[in-house]
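Just below sit the structures, each encoded as structure tokens.
One chain, chain A, links the two complexes that follow: it is found with chain B in the first and with chain C in the second.
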Partner chain A sequence: MSAPLLSLRHLTVDYATDRGTARAVDSVSLDVASGETVALVGESGSGKTTLALSLLGLLPEPPARVAPESRIEYQGANLAGGDNASWRRVRGREMGMVFQDPSLSLNPVLTVGSQVAEVVRTHSKCTRREATTRAAELLAMVGVDSPALRARQYAHQLSGGLRQRAMIAIALAGEPKLLIADEPTAALDVTVQAQIVELLAELRRRLGMAVLLVTHDFGLVAQMADRVVVMYAGQVAEMAPAPVVFSGAAHPYTQGLLLAARGGAGSAERRLAAIPGAPPAATAWPSACRFHPRCARAWNHCRAEAPQLERVSEGHDARCWLVSEPAGETGGRPS
Partner chain B sequence: MTPLIQARDLVKEYPGPHGLWGGGPPVRALRGVSVAVERGETLAVVGESGSGKTTLGRCLLRLTEPGAGTVAFDGTDLLALKAEELRRWRRRAQIVFQDPGAALNPRMTIGAAVREPLIAHGIARGSDAAQRVAEALTEVGLDPTHADRYPHELSGGQKQRAVIARALILKPEFLVLDEPVSSLDVSVAAQVLNLLADLRDVRGLTYVLIAHDLRVVRHLADRVAVMYAGNVVETGPVAAIYASPRHPYTAALLSAMPVPDPTARQGHVMLRGEPPSPVSMPAGCPFEPRCPHPRKDRRCEAERPEFREIEPERRAACHYADESPAVSSWPNAPRPSSSAPA
Partner chain C sequence: MTAGAATAALVAFAARLWTAPRARLGLLLVALLVLAAAAAPWLAPYDPSAQLDLATLQLAPPSTAHPLGTDLFSRDVLSRLLHGARISLSIAVLAVLVAVTVGTAVGLAAGYGGPVLDAVLMRVVDSGLAIPRVFLLLMVLALWERSTSLTLILVLGLTSWFPTSRLARAEALSVRRRDYVVAARALGLPSWRILLRHVLPNIAPALLVSAALGVGQIVLVEAGLSFLGVGVQPPTASWGNMIADGQTHLLAAPWLAAAPGLALVLTVIAFSVLADGLQDALNPRSS
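This part shows the complex of A and B:
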């Protein structure tokens, strides 16, 4: 296999808080190959957004601090610890980003077209006029009707769906090889969500981009992802090719999330499957296995020692004692 | 049997957006909406942003005064109540909002927040009130010691439980649940939905559940009302709506729902465009410009479909609602990018 486009090794991010240091991302290693779509799945506080921001050097430091042993290798070069100038060579041109809420990401006092054109001019030497033309082309590419007209409008004149299309146009202006999309449909209506998913899928096919999709929605994962990385409490809980996750997730947390997402029946009739408790806070990760306080299948060993990420099958890893089967303990693999 | 709550022909207009040269045309959030909910029943009101679902929920509680129409609660004309009568009536009907973080005062303990309705209505105070607060917290699955905590010390799910406890402490009969779990994590949302189902069964509560997520609706609702652009376009029992939607918008909403299964052929009908702006409405069927129904014709452009009974307990506002739209046979609307002019 050729070298991955993006390769994270032991990525660790700490936040300084008034209640001590919070390790929001704890030694995460993962790869994204060229043209591949990897879904980073987790609930609030799992560290998924912190991880995404760290890839572009967008974390406010301080309070955030990327640990020195962290490696963010993009096409073989380590970006971690780089200065502003080195980040600027990467942002937009190599990796583009789409955020959750398009109404917070667009400047309300500039036209949409000028914001797209600004990014075009940042990435390539061209005249103002050429940038304006290119901006309209980009808006057309992301499915904006009458792009020349829309380019002259302001964010408040556009619907939520059109704003998100404009944000995608901005992210694509530098022709990145990797698009980081952080909950790109969460703020949109259901029928508009379907349109944006379709657009992202089409752009990926046409441009051969890799996508890192940050989401909590397994419906979105099923539609888009080649591979899935499930995060819990700052760590990778499980990673596997998408079909494997849906058919044979090994980690009880992944299984619980899927059951909740499917609206599956729990124990009693007409009851939804829920995971008890709430996602923990980064200032107080539980000891040993971080999922044990919420896990229905936890046994003594889970409370005593932290499991490592172990191979379940080729390309499928999980961090769970049900998979690792420590010596001297009994506990079968999940069916 | 008379419904517990019955709204007829509700109309609500908001003043148009302010421009530099005067206000725009009024925004019509509700355009003649009628709903009825039987005692003990859960009616889900489903729609996208701007459909009028939140305005409807507020009008049912007279938190917003409708411009026209009637609301009757247990036979009483709600809109005729005087201020003092309305205040007394509020014990019987409460609301749970979407974002529990915004619904709780950050400087008030959970106990004080849950106690407030008791004080405001002069029902209990002192140790009696404290006792009732402890009971209410226990009933929603919190610990009585949570009464001394502040909202920031609680998780999102715990905060929403506290908001539910506050809504229930006056022992109301009717609750409007406005997107009660949409700000919660997936694993926690299911807990809160289960709690709401238990409370309904134990107390015989009547719910109006406002939601944009059909997955939430399926578990809690008995009946569904689908709203589009200020109108109810389809109503019916939840199972029937899911099995065979009669309005093409309902069918499109159902098929746009992402299914957490990569092997499922996600046959979504791609709806073109977005809901119409409440200030400029098409003359005929409000859904016509986006409608992917193969039977769509001149009549849909010219004539507004009547909201009529299709079969017992089912109504829909579509000229072709007698035939269940076979979604699989619909041509997918052109993808947005290919519809863009060159």
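This part shows the complex of A and C:
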């Protein structure tokens, strides 16, 4: 494999809160290759959105603070700790971003077309007229009907699906090599979700760009992802090629997420498939293995010592004692 | 935005304003005042500073010829009232323009320019607010050789921007956290562009409301200054100096003070109602 497009090493983000420091992202290392789609999966509060925002230097600092040892390498150059000027060189033209709720991420007082054109003009030297033409082309590319008309409309005049398409057009206006999509379908109707997923998959094929997909929806992962990174409590819990995750997830948390997503045939089974308990708060991660309070398969070792990411097979790592001590589970009980 | 789109947006805005009952009332009242002031030369039956007939028309009570009577110098009070509206309203509107421009610039800089600039600018605003405005105005105007309308506008405007800057800052702080501003940053737009195209238009409604309230307030302050003799100088009519002229004859000719006094009350009410209506019409949560 050639050098990755984006490479995170020991990315750590702390938030200063009233109740002490919250380590929202804890030493996360991962790579995204050119043209690859990586899904970042986890529950609310697992740090995935914080991670996505930190990639473009968008975290409000303070209260957020990216630890000095963190490295965010884009095409080999470290972005972490850079100033606004250095961030602006990558924002939009190298990495584009699509946000969760298009009704909030489009400016209510500007026409959709002018918002696309504005990003076009920021990243390429062209006249106002050329930018307007390009904006309509981009809107057409993301499947907006009668783009010239839609370009003159405001966000509130568009449906949820059209808004998200417009937002994707804006994110693509700088022709980025990596698209960061933070829960791009979470705020949409189920029927529209499928269309947006299809659009993203098609755009990725056509434009050959890499996608970092932040989501908690395994349906989305199944349709798009080449590789899956599962986050729990700010750490990488498991990371594997997508088919491997679906056929043989090693971490009980990943297994739980998959079960919850698939459910069973009946509603009773679906309810049983939920992971017990709630995600922990970032101010007080559980000691040792952070998942042990909610893990059905936890034993003494899980409560005593934090597991490291262990290699399960080539390209497949999991942070669980079951990987290195598969017998521990039975041997350790009862505790 | 092209001129056509701007006009369309303005028309749409006026239409939205018209649907809010309080805004409609405020608009009507303000339109009435502005019309009266603008058409004063045609509406006024006499020249406002002409001394009509010192022998027979001193302090004449209201009659058909002089609906609001005449003053000590036999000048027609209605004519003076209309011309006074012209002076008072234009001074107030221009002063508010100055105040809102300065206040918005300072507020945006404080709200978007980082914590250090914010702290410095807000301490300046705090000290500005700590000095009672009337004393500041009296001092400045007393030092001025002869105050023209321009100095009055500048002095009123430059002492009234503190609350606007607070408001602009608070709004900017909230708007900068909105997703569309974060998205604009994520896509690499330069800061000045985000400020002017994404932040400013979204805080404009709040500023408009405060500007409408500000006009009512400044009309009052200007009247106060003219009453004290440091504002608009006689013989130019202003509501303030008309009340001052009238107070010495309060018992003999109450209409002298009552007419400009009522005009002032009406103006302040009109602009407050308009501000309330704007608030109703512009606040998306209220609809």
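Rule of thumb we're sticking to: the second predicted complex is superposed on the first by the 317 of 335 C-alpha atoms of A that agree within 3 Å, B and C clash if a C-alpha of one lies under 4 Å from a C-alpha of the other, contacts with A are read in each partner's own complex, and residues count from 1 in each chain.
Basically, a residue touches a chain if its C-beta (ideal position, glycine included) is under 8 Å from a C-beta of that chain, and two chains touch if they have at least 3 such contacts.
For clarity, every value in this text was computed on a predicted model and none was experimentally measured.
Residue contacts after overlaying the shared chain place A:192 against chain B, while chain C stays out of touching range.
When the two structures are aligned on the shared chain, A:151 is found in touch with neither chain B nor chain C. When the shared chain is aligned, chain B comes close enough to touch A:202, but chain C does not. Of the two partner chains, neither chain B nor chain C is touched by A:231. Once the two complexes are overlaid on the shared chain, A:260 sits against chain B while remaining clear of chain C. Between chain B and chain C, the partner in contact with more residues of chain A is B.
After overlaying the two complexes on the shared chain, residue contacts for A:178 are found with neither chain B nor chain C.
Taken in their complex, chain A has these residues touching chain B: 43-44, 140-147, 159-162, 165, 189-195, 197-199, 202, 216-223, 225, 242-243, 246, 256-258, 260-263, 266, 270-276, 278-279, 294.
Chain contact summary for the complex, chain B toward chain A: residues 48-49, 155-158, 185-191, 193-194, 197, 212-215, 218-219, 252-253, 256-264, 266, 268, 270-271, 274-275, 335-337, 339-342. In the complex of the two chains, the chain A residues touching chain C come out as 53, 56, 58, 60, 84, 88, 90-93, 96-97, 99, 101, 104-110, 114, 118-119, 122-123, 167, 170-171, 173-174.
Only residues 1, 177-180, 182-191, 193, 197-198, 201-202 of chain C touch chain A when the two sit together in their complex.
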